[in-house]
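One chain, chain A, appears in both complexes that follow, with chain B as partner in the first and chain C in the second.
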Partner chain A sequence: MNFHPFVIPFSIGFIVLIFILLYKYFSLFYRLDHQDKSKIYKGVFSLKFFKAIKEVFLESLLHRKIFRVNPLLGYMHTSLAFGWFLIIIGGTVESKVHSHMALKMPYDPVFFNFFNTDLSMYRWANEFNFIMDFLLLIVLSGVCLAFVKRFYSKAFGMKKTSVLKPFDKIALYTLWLIFPLRFFAESFSAGLYNNGGFLTGTAGVFFSSFLPLKNLLVPTWWAYSISLGAFFVALPFSRYMHIPTEIFLIFLRNFGVKTDKIFSSFTELEVLSCPRCGICLDKCQLLKSAEISDTQNVYFLQSLRNKQLNENNTFDCLLCGRCQEFCPVGINLNNIRISQRKHFFPENNNFEYLQPIAIATPKASVIYFAGCMTHLTPTIKLAMTGIFEAAGVDYLFLDKDSSICCGRPLMIAGEYTKANELIEKNKKAIIESGAKTLVTSCPICYKMFNEDYDLNIEVLHHTQYLLQLTEKQIIKINKTNKKVVYHDPCELGRGSGIFNEPRELISHLADISKIKEEKEEALCCGGSLGSVNLSFNKRNNIRKDVLSVLQEGNPDLIITACPLCKKTLQNGANTEVKDIAELVMQNIQNQ
Partner chain B sequence: MKNFGYSINKDRQIDLDKSDQRIALFVKQHEPSINICISCGTCTATCSAGNYTNLNLRKLILSVKRGDIIETKAEISKCMFCGKCLLACPRGVNTRNVILKINQAIEKFSL
Partner chain C sequence: MEYLECLKYSPSKYFRHSKLKALINVNDIIMKQKKVIVIGGGISGMESSTYLTSMGYDVVLIEQKDKLGGKLLKWEKLFPTMSMGKDVVNFLNKGIDLAQVKVELNAKIINAVKEGNIFKINLDDGRVFESDAVLVTTGYDVFDARKKEEYGYGIYDNVITSAELEEKFLSGNDILTNSGKVPKKVGFVHCVGSRDEKVGNVYCSKVCCVTAVKQAIEIKEKIPGVDAYCFYMDLRMFGMHFEALYKQAQEKWAVNFIRGRLSEACENMDGSIMVKVEDTLAGKPLRMNVDLLVLMVGIVPSVGTKTIGKMMGLNFGPNGFFKSLDQHSMTTVSNVPGVFFAGCCVAPRTINNVFVDARAAALMTSSYLEGYDIEKRIQEK
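Up next is the complex of A and B:
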């Protein structure tokens, strides 16, 4: 058995890491509720397991989502993660082929070149040497890029990077050292014993010409082992905890476990999976337009992890979901934040007054629920009722005279249980009407009806419904020659995945032109109810920046599909802002 | 008491030395926009809960400023937090946060 005292730091680090990880994951698993556990048991023996393996390969090793953000940043992560992974695999295979033994000490492949100096004795020695050197070169290129990124992140498409904590720094510096040290250690071995591949072999000859390799050899291997050991010990306490945790997360997510509005040990796993890469920073409009720099999810999750949440950075987020869309780990950032808001939201609400109210629900085939915000933009309401009548639809205007809120504003402010009372009341009225279709004008209500109401009827936003009416030729509309742009409402676009229907409907009405940030990247208008404590001035700054993007090509009209967006945008726009329903009503042929 | 055919209103005079300003000070400190409220009542006119109850944000803000804790506590619980008042307010009072802060003050001072 090969042994040298310098393997001790590596071995200690490795054992400590394994124990901490096992302890953390077992305790997280143990605290999951029964439903989640049974999902996992079922998932392990199903196709989902293989889907998860595929996702781990694509995301944890190849980092496909980071390539989407910036190719250079993607290469940096791939070279480090996939390169290191292949070095581990290559080294293990090499050591087993060499010794013809299946079971060896875990440190054996790591320090293979120290223990095995005569490499001519086994098959494929040259091929292995070449491959291992090539992989080392790839990883070293990644380390170089990581080093450059610390000082010049703009080259990697990141204007801002996250601020690191002390343990992150220890882990970062040891990580930077591991592969250069490995390179030196292997080169010195190669120089002394005249072996090695194209990289370490050549470097070895070069170093032997002017360095006393005999004296340097053992200290360099010591340094390599210490850097590995230190990295392993620092890992569970630093942001690099995301490396093992993300794999665990991907499996659980594929088995159907997810974060709902209540904090669970799966949520804890998501928090641990955050690599604090800071990609969310550049996506956040609060940072860009409102000069708020502590609320972004990289810091929010950090303060959650350190149990230092404060009210401001919990409440001022607009919940627009841009960061979530681009999170390379795919963490459900909005739900995690919502789950934390209840700690600051006292349960004072009392909706008993709703109990005796009977909502009259005559039978109808379609229910129209305008939503609170639509009542404040009556032109949308009028357009919709006009269209219903022109199309001859048998409809019921559920909240015509007085309305009960759909419950989403209360829910996303943290009051999940009380929001349920509002849900029950509305749900009863919807079911009693016997309608097959529910149409709403408000994307906030739409998302709520879709996800939290559990209705067994078709729920449509008016953009979808009007497109259906147009395509079935129940209503006929004229096309104008106006040049328009479309503003994606957060709750409708990113929130509910409806990007194409409104665009298709607009294409029947006017010429739609593209804007800089649209669809998944669309900006929030700043009026979002997701934020509770954001001041009007800051909201106005956000609106100003959004309008400059929308008005860049001097469109004749700004079209949106949300009453709240419309109201917010029109207060500062030089261009007319219209809801899609108004445009349809203006150009309808039916009389 | 003998019925004279009329009654006398309860005394509405506020003794600022004795009124309980804890909620008012807490809200003013954490959501200063309450100070620019002109009591126009637009919030009340648009209120969804106001359709079913006598919840009245204009009056509620006055109750807070006057230190009328019983009334504040009874009324605030009816709010659905829908945000219509926020959208309607012509002065830019962050009404939802005012409501949240009042709720927090009630909890904080165990009123």
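Up next is the complex of A and C:
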């Protein structure tokens, strides 16, 4: 058996890491609720398991999503993660091929080149040397990029809100050291014994020309082993915990576990999985348009982990979901933020005085729920009622005279219990109406009805409903020759995945042109209910930037499908802003 | 010859001396009569050009409409005196006639630049006017109430603006709803487009509170038995006799004042308007039907103010009105030497204020033209 005292630091670190990880993940699993646990039991024995493996490969190792957003950043992550992974695999195979022993000490492949100096005896030695050197080169290039990124981003003033914690520092510095030290150690071995591949072999010859390699060899392997051991010990207490955690996250997510309203141990897993790549910073409009630079999710999750949340970093967020859309780890950022909001305000509203809307007979097949925001933009409301009349639909205007809020504003303020009170009241009226379809004009209400009401009827946003009416030729609409652009409302687009229906409906009405940032990338109008603290000044700056994107090609009309977006945009636009329903009503042919 | 020596330094003063005029042809003298262009023929433009002409300057008053008088032409009675707006217009017109001000009506300015110390103003008919000073009196527009879509202006027939109600008063016709009925309840919504961050206007428009009080009284006078409701945030009765008018509205006319900002208005089947408002004194949400809803629209910088300002490189303040050199001591002076302001292009003002302002601006303009340079004090800190 190969042994040298320098393997001890690595071995201790490795064992400590394994135990801590086992303990952490076991306790996280233990604290999951019953439902989530049963999802996991079922998931392990299903096809979902293989799907998860595929995703782990694509995301944890190849970092496909980061590549999509930023190829250089993607290469950095891939070279480090996938490169390291292949080095582990390659090293293991190499050591297996060499000695044909099934059981080996875990450190054997790591320090292979130290223990096996005479390689003439085994097959493919040169090939292995080449491969391992090549992989080392790739990882080293990743380390270089990480180096450059750290100083490059600092030079560009990327704000770091909190100082790295001691364990973060240890992990970071040791991570930077591991592969350069491996390079030196292997090169020194190669220089002494005249082996090694194109990288370590060449470097070995070079170093041997002026360095006393005999004296340096063992200390360098010691340093390599210590850096590995220290990294392993620091890892569970540092941000690098994201490396192993993301794998678990992917499995659990594939099994159907998710962060909903309550902060669970799965949420902890998500928080730990944040690699702090900073992609959320790039996508944040508050940073770009409103000069708010410390509340983005990379900092929010960090504060959450360090128990440093405050009102500002929890509430200053549009909840537009752009960062979530591009999060390479797929963390449910909005829900995590919302789950923390209730800690700042006691739920003290009293809604007992609200009476559910009384349903008059006869009952109707379609109910229309305009929503508070639509009541504040009556043109949309009138367009919808006009269309219903023209189409001859048997409908009931549920919140015509009196209405109860759908509950979404309370929900995003974290007041679930109170939101549920409102849900119950509205649900009663909806069920009583006996309708089969619920149509709403407000994407905020739509998301709420869809996700939190548990209704057994069809819930449609009016873009979907009007498209249905058009396609079934219940309404006939004229196409105008207007050049229009479409603004995706956050709650409808990213929030509910409705991107195509509005565009299809518009294509029946006008010529729709593409804009720079649309669909998943669409910008928030700035009117968001996500933050109530945001000043109007900042909101106006956000709106200004959105409008410059929308108005770039000088469209005749800006179309949106949300009363709040319409209201926000129209007070700053030089172009006319209309809801899609207004455009339909204007061009309807039915008598 | 003494006269001629004097003329070299300050010719304008002597032009009105008929004795001098008889002696020499002034235009032949080296020093020419100084010219002033006044842009905008509202109250401030009319009054300032009257004074400037009388002081001996060659003044041209440029107005884009076909008549002088500005917004006042559409106003019936004035607060708090209930005297007629047309009396003030007559007073102003008499001034124009007495001083024989040169007036250019229907004149649209397409460009205005300063070359050296001379201003060149191009009109759309191709004419170019030159002057030594420009007095900008481009005034205000009323807030576009459609921006507060939740109040239903432009959507519901029985939602009108305070300016439209005034025109109805002026026409002398009966005040009726859109369907021709006599209204039983009339609501007045204060602060529409004023003190409202959501529409980007954070300032108070100053005149709407007392206008609502005045119009509520007039409605009460004109329609016996009508109920009038004012929905306000707080009532700013800052002027002399305003408070008395407010008291009179409550005691004599029984106008109801409800403290609370309107959240929304919607139309009932019969065309009446249902308003939703929180009565913040009673602490209760309130719904009420009114037959006519009057929106007290605020004052915003006029389109002319914006375009002329851009042409001439004038500074705008955060609210979009012109920015004076100093808010206390130099309200009529702009950042461009030779350009002066008067009236509502600088801030919302009452008629009283505008008169004072117009005369003050005439004085400042004259001081500049005579080379007194008193306004330079502001730069010597």
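In this text, the second predicted complex is superposed on the first by the 567 of 591 C-alpha atoms of A that agree within 3 Å, B and C clash if a C-alpha of one lies under 4 Å from a C-alpha of the other, contacts with A are read in each partner's own complex, and residues count from 1 in each chain.
Criterion: a residue touches a chain if its C-beta (ideal position, glycine included) is under 8 Å from a C-beta of that chain, and two chains touch if they have at least 3 such contacts.
Just so it is clear, the structure is predicted and the values come from calculations on it, not from any experiment.
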Partners on chain A (chain B, chain C) - clash or fit: clash
Message: According to the stated criteria, A:413 is in contact with first (chain B), second (chain C), both, or neither; which is it?
response: first
- request: Decide which partner touches more residues of chain A, taking chain B and chain C as the two options.
  value: B
Query: Which partner does A:376 reach: the first (chain B), the second (chain C), both, or neither?
result: both
Message: Once chain A of both complexes is superposed, is A:422 in touch with chain B (first), chain C (second), both, or neither?
response: first
Message: Is A:404 touching anything from chain B or chain C once the two structures are fitted on A? First, second, both or neither.
response: first
Task: May I ask you to decide whether A:351 touches chain B, chain C, both, or neither, giving the answer as first, second, both or neither?
output: first
Message: Just checking: does A:570 make contact with chain B only, chain C only, both, or neither of them? Give me first, second, both or neither.
response: second
Message: After the superposition on A, what does A:532 contact: first (chain B), second (chain C), both or neither?
response: first
Field: Shared chain A surface residues [contacts with chain B and with chain C]
entry: 375-376, 401, 536, 567
- line: Touching chain C in the complex, chain A uses residues 375-379, 381-382, 401, 536, 540, 567, 570-572
Query: In their complex, what parts of chain B are in touch with chain A?
result: 31, 33, 46, 48-49, 51-53, 73, 76-84, 86-88, 92, 94, 96-97, 100, 103-104, 106-107
Field: Residues of chain A touching chain B in the complex
entry: 315, 344-346, 348-351, 353-354, 357, 372-373, 375-376, 401-405, 407, 409-410, 413, 415, 422, 527, 529, 532-536, 564, 567
- prompt: Hey, which residues of chain C end up touching chain A in the complex?
  reply: 147, 149-150, 152, 155-156, 197-200, 263-264, 266-267, 274
